[in-house]
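Letters are used for the chains, namely A, B, C and D, taken in the order the chains are written, and counting of residues starts over at 1 for each.
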Amino acid sequence: VTTARLEAFSDNVFTIAATLLVLNIAVPPLTSRQGLASALGHEWPSFVAYALSFATIGIIWINHHAMVRRLKAVDHTVHILNLALLMTVGILPFTTALMATYLKSGHGEHLAAAIYAGSFLVMGIAFQVMQRHVALRKTDLLAVELTDAERRAIVNRSALGLPPYLLATVIAIISPYATLALCGLLAAFYALPRTTADRRCA
Amino acid sequence: VTTARLEAFSDNVFTIAATLLVLNIAVPPLTSRQGLASALGHEWPSFVAYALSFATIGIIWINHHAMVRRLKAVDHTVHILNLALLMTVGILPFTTALMATYLKSGHGEHLAAAIYAGSFLVMGIAFQVMQRHVALRKTDLLAVELTDAERRAIVNRSALGLPPYLLATVIAIISPYATLALCGLLAAFYALPRTTADRRCA
Amino acid sequence: VTTARLEAFSDNVFTIAATLLVLNIAVPPLTSRQGLASALGHEWPSFVAYALSFATIGIIWINHHAMVRRLKAVDHTVHILNLALLMTVGILPFTTALMATYLKSGHGEHLAAAIYAGSFLVMGIAFQVMQRHVALRKTDLLAVELTDAERRAIVNRSALGLPPYLLATVIAIISPYATLALCGLLAAFYALPRTTADRRCA
Amino acid sequence: VTTARLEAFSDNVFTIAATLLVLNIAVPPLTSRQGLASALGHEWPSFVAYALSFATIGIIWINHHAMVRRLKAVDHTVHILNLALLMTVGILPFTTALMATYLKSGHGEHLAAAIYAGSFLVMGIAFQVMQRHVALRKTDLLAVELTDAERRAIVNRSALGLPPYLLATVIAIISPYATLALCGLLAAFYALPRTTADRRCA
């Protein structure tokens, strides 16, 4: 029951954060002098940001699901680490709006893109910290018995996403568009059908 | 458990999207020179759009419920297809606001109505893709054994809504009001009590 | 399982509508010339409206819970009636904001209060329609066997709230404050501890 | 089932309130003359307020979870007390925005900080009232049999947070920053790993 409620609480934050993203897409004002098609076209960063952040939240949710499914109980530290992770998820509607607003503005776009990819990186780190806690330190919470090698493989797999997101953050200094492209590639990579080998240690 | 969590996640997105629709109905500003009754009357597209989108989200939720109920397990591809479907649901508060804002504006109303019906069409296509995956390709995920004919009937039934929504999208070139009326008729049709024949292959 | 998902879907709408109410309470602008205490004091209709609508949504949720708990299955009509009920719940953040904005404005306050109480009335009617369907017409959906008298008592109890809310709506012609007071009394009445007699037919 | 639905309803309010907090963090306007980094730096109270309120909601959720887990059934009074508690949770996005907006404004900051800490205090009191009801008065609702001393220990533990939050409220007269620091310390204290002694009467 405890695991179930942690899941329910987490699911809520993931889905609310994902659904709030739509509030960042503005209806072009009726008074705008350009036509609606043109106004919507100029807003493309908002649409890309919506799709990218929605997909990334969805993917972290699937991974979170896999992590929590392995647990049979939850201790206070798991609750707190989970809250920290959810806090990094809850901020994404802001970092998404920031990136979408500044991408084409001609000033601040490098910082905005770095904050955007950086918020994914921080989320990945919070995920990794929680993963390490349940897979390596508090193994008595695990529902299924896993060998040391299996548990280490799980943790390493979680860590695989961190360097690319770090790269996406740093590359914003050169080009915010490169940041966006890299985040998109990462989301697409995680959405790909997984091989059996992957699934075995998932 | 896995199916349960996919359901919970999806339910959240459906309900949050439906409930966020109300944010698109603006309280007339106190400074408006016309009376409140008149101001609210002028806002009728917002009310119609709220009811129409809420009903359409509700109906797709009922269908989603029926689809997921047939599954006993979920694979990575189902998760990803479901995320894609939810992404099309999550954008509806935007397309609804767009249509409501532009319907009477005298410019952009054709495009806004096409985008509105088009977002329902895209949602229907995403639903159909997921339906095909679970009913035709990944039949080992099904909880109940179904004959080939039954599975094909399920898929065909899901596809029935696509041509009318395509028509509603195209007809916006002629009249955005026709688009709205057609979407309303479709929602009413799906809300009608189902016949026993329908229910048998539901 | 089906009842569970109808409950989950409904719970979401009830809670999201209740929690969105807070968005109607504006932070006084920093540029306002009056002090913060005075600015917040002038906003009292927003606070009263928040508490009143939150409580009323909470109470309808408790009643909804009692109604659905009696069911063992759900048919298409129940789904549709439930959606109609939820649509009336989902609009409450708007009617609440409308009432709070216009209550002290000197124009439109009668209409705004009538719409506010009227939205509770419409919600009550939607609830009553659903209650009648499950308690009187579709008795095969009931989990527990109930006598005719018990089922009629349930329906009548649901109907008890309608005349007071009708009165609250009509009385807005005379005084919007009377409407507010009556809605407050009704919420307080439903929040009172129930007698054993009440509980027996609940 | 009844306890489960109370939990689900409460979880929703906790998570929606927590996730709505992000809406209070404004994207700096493109027209601002200072750079983006500087504009975001000036907004630090919004970021601190987000983290602090999110953490505090998370902690009250963990405590709520522990309280409800002890119940095997729910009566009308529990529902009403829970609704009152949730109403105090639902208002937090407003009090958080108020504090973040006024903290550095040079006027109203003392009142805003007092309202902020005061809203945590009121939430704590509502929690304590509900805790007393289920642990002391309605002991037949408890799932596990507890001795008088154990039940009293539970109630006393819930009450421990009230004096510090009262202090945080009162201290706002002297310094809103002291209020913020104290609220932060309290959140950090509750997030600390618990000792076995603590856990025994949890």
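A few comments on the model shown:
We take it that contacts are C-beta pairs under 8 Å (C-beta built on N, C-alpha and C of every residue); 3 or more make two chains touch, one makes a residue touch a chain.
The shown structure was predicted, so the numbers you read here are calculated from the model rather than taken from an experiment.
Under half of the residue numbers at the interface between copies chain A and chain B are found on both sides, making the touching surfaces mostly different.
Put simply, chain A has to spin 90° for its C-alpha atoms to lie on chain D, with the angle rounded to a multiple of 5.
Once the centre of each chain is set as its mean CA position, chain C and chain D turn out to be 26 Å apart.
Distance between chain A and chain C, defined via averaged C-alpha coordinates, is recorded as 37 Å. Along chain A, residues 8, 12, 16, 20, 23 each make contact with two or more other chains. Taken as a graph of touching chains, this assembly forms a single closed ring in which every chain touches exactly two others. In the complex of the two chains, the chain B residues touching chain A come out as 1-2, 5, 8-9, 12-13, 16-17, 20, 23, 76-77, 79-80, 83, 86-87, 90-94, 97-98, 101-102, 105, 107-108, 111-112, 115.
Those residues of chain A whose C-beta lies close enough to touch chain B in the complex are 7-8, 11-12, 14-16, 18-23, 25, 27, 30, 35-37, 40, 50-51, 54-55, 58-59, 61-62, 65, 69, 191, 193-194, 199.
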